């Protein structure tokens, strides 16, 4: 009898112990550009990355159940904010991630703040997201325009490119990138000779490139991304701009862009990224898995950021025992926990929502230097974490006191 | 030769104006109950578009003028409403008035240019003028270009009603919508409205009767633009966002589609059409790009087979006026 | 390199060149619209989409058969022109008895369908189509750099435009066409198959658009929106030139392209809207258009 009671008690204790592994249910929304000029740098690749993160995390944490939906913001802030509203209000989404379009990201950040949910930006670049427009519900992963400007901009001025002309994408991202790069160029002793704005998703850059050509600036800074950058570079070749002695500075270039351009056109481009698939074995293994969903494509740092961001969110959700309804609490939790994931290694999220990690100055290889498909870059320098991102105090973020 | 909106009433029955009253009661009742069953934000958006479509229908259904650039008034009212609320700190009632006034002014200028031509030319001119204003919006600093004007404050209406509360906002939008709807109804069933219909039927005859048709057409145009402005200005406050989508030509095309589907020249047609199209867009959002194809297919089938639209067909079958 | 009004000559002539190229497309497209409107009294809103279809057909021909630019220049317009004939037979024929506005609405709907289908299968970023080998490179003329391909575009458009004008205004076939526009019943009485002429005219107009699309593919990137962005400017061009006039379409097309190019040099912010502003002025002063016959 006593033995039976003892066994029963033991079983009860065991059961309690198992019940302590709290059931955690969360719903994640991957909001990206699925069909337009940013579809390769984010898009379905981000969905694939999120799926991988969910699979990896739930394998080690079977008490966690994650539902995921995806949406296309079509680079329109009104569509993006409508989807965000709908997802947070009606579809009970707890966290939205990605959004490669700064204008849309700014709008969604507002919505997340209003509804008190979580928004992790992996795709967008505008440094305002952790600057004047920061809020307690938004985290900015992967990269931003300040990092790009101080990485690429400073490096190019130091190698002699001291007069600049800007070809800028006419929306939040382009403006931010242009602003931050001008600051970096002038700080390094360079001069800005002029700038011209072009609409997002432009097909014909001829008249803009013509203006760049006649400015006689040594460097033509391309403050645009994705399809726009690809087109600018291709058409610059057509107009004999590089042959004429001017060089192109791709201020935001992704591996997928280099793949689309091909090494003969892209060689020599200097760029800054925070993750590159071919840098170490972990990245290469991850890339192989990712490519099972996205055959023939190359992952970008945005995809890596989605993977890492989802992992860290899920960790925070578990730490909060599944109480994820208050966005500010979750974000605070994410800021308090140091990050550690296979792709970005160890890092932290600052008070302004900025995730910091090292950055890498990369140069596109010449065709003869490329040894295997996807062998795009040579690592010219590593920018340590403390220098890679804008200092906390300089951002004018209301969350940062002093 | 069949006109764009042919008279729908074949055999007017005694009940004809009662059918409109019944329809109005049903519509109002549905809209009062709806926010408790469906997502209020969606309903508010639908009502703004319904008003926009009703305003558009005033021109095409009752004057016979196809304006293919109506997004101009909707969008610019939206911008001015958003900007005045955000940058100038206007309370919502003043912001909406500012937007509406902008639309009226644009309507006056555009209308006086476009009225000079008829039929297809009129349509093309309205389209071209709208596109010009689209580029203007793209470049003007205050519109925010691709980013639009975001974070527009809902504000406090008349210093009393806090519009951050969804239900308060809904009530206000409902009142605006019903008000606009009834105003259009009064225009149509007034002596002025009768002249408009006469112009639609046979402009030469109207002129020979002594009416200065150009003046009537211009007034109708400005009224239509102004009401479209009310819709746009309200939408900016509801969604707290004004963007390029509101002034672009697909928006002009959408309002044509809504009215065509619902029924040109019927009073309830545009409302039904607006709700139908918006529901379709919401439901089909996951398969985003097919929405364009389906809208095109609806256009084609309406033009070929259902020229009267949903409400028009119902009204025709039942021999009532809707 | 010299300067004119403070603008370096490379910039001025470069923009003029780009203006002429844009003008070539405006001229080709408004020519097609004018031909279709003249015969059918329908505003072919899907003209922009058919231009886009020409570019995509060239892209697909290259992708699936390896045939390059030169064969595509002939094959693509024929294929797209054929789809135009189907559209006319299936849809447009039923609308001739109705108000012209229905034609506008129908072709608008068709444009949405074409653009939507293209977006679905190809995404809305641009697809690459390379300049043909024989036309690569350019000439450095001293005062500017002239890419060979762009020179070809201008020359080819001029030839096609003048050729079409000649056929319509100076040949017997053109005379039949113009007569059928004025009085179809009488022309039918002479034994000429008017409905077939109408169908073929629509097909021809559409293939003009597709031809422009193939020419645009290497410079403008093949994207589903390429037509809709262009078509509204072309509408304004047509209003300025006068709807009924073939010559008007050609002259106004090239002319406005040049004006736009010049505006880009001296007053860049206005370059997008200058065509519409001119349209507004023409409407005030000469409502029938610069070359228009009907008032």
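Per-chain numbering from 1; labels A, B and C assigned in written order.
The rule is short, and it goes like this: a residue touches a chain if its C-beta (ideal position, glycine included) is under 8 Å from a C-beta of that chain, and two chains touch if they have at least 3 such contacts.
Please read these numbers as outputs of a predicted model, since none were measured by experiment.
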| query | Of all chains present, which has the mean Cα position farthest from that of chain B? | reply | A
| In terms of C-beta pairs in contact, which of A-B and B-C ranks higher? | B-C
| task | Indicate the whole-number Å distance between the mean C-alpha point of chain A and the mean C-alpha point of chain B. | result | 40
| request: Starting from the mean Cα coordinates of chain B and chain C, work out the distance between those two points in Å. | output: 32
| note | Among chain C residues, those touching two or more other chains are 119
| task | Can you tell me which residues of chain B touch two or more of the remaining chains? | result | 138, 289
| message | Using the touch definition from the top, which residues of chain A touch two or more other chains? | response | 35, 74
| note | The answer for chain C against chain A in the complex is residues 8, 10-11, 14-15, 18, 119, 123-126, 128, 131, 138, 140, 145, 147, 219-221, 223, 226, 261, 264, 268
| Within the complex, which stretch of chain C touches chain B? | 43, 91, 94-95, 97-102, 104-106, 108-117, 119-120, 228, 232-233, 235-236, 238-239, 243, 269, 272-273, 276-277, 279-280, 283-284, 287
| request: Spell out the residues on chain A that touch chain C in their complex, using ranges where they run on. | output: 35-37, 39-40, 74, 196, 201, 203-204, 206-207, 210-211, 213-214, 226-227, 231, 234, 238-240, 260
| task | Sort out for me which residues of chain B touch chain A in the complex. | result | 39, 41, 138, 145-148, 150-151, 239-241, 243-246, 282, 285-286, 288-289
| message | For the complex, give me every residue of chain B touching chain C. | response | 1-4, 66, 68, 113, 116-117, 119-121, 123-125, 127-129, 131-132, 135-136, 138-139, 249, 253, 256, 260, 289-300, 302-304, 307
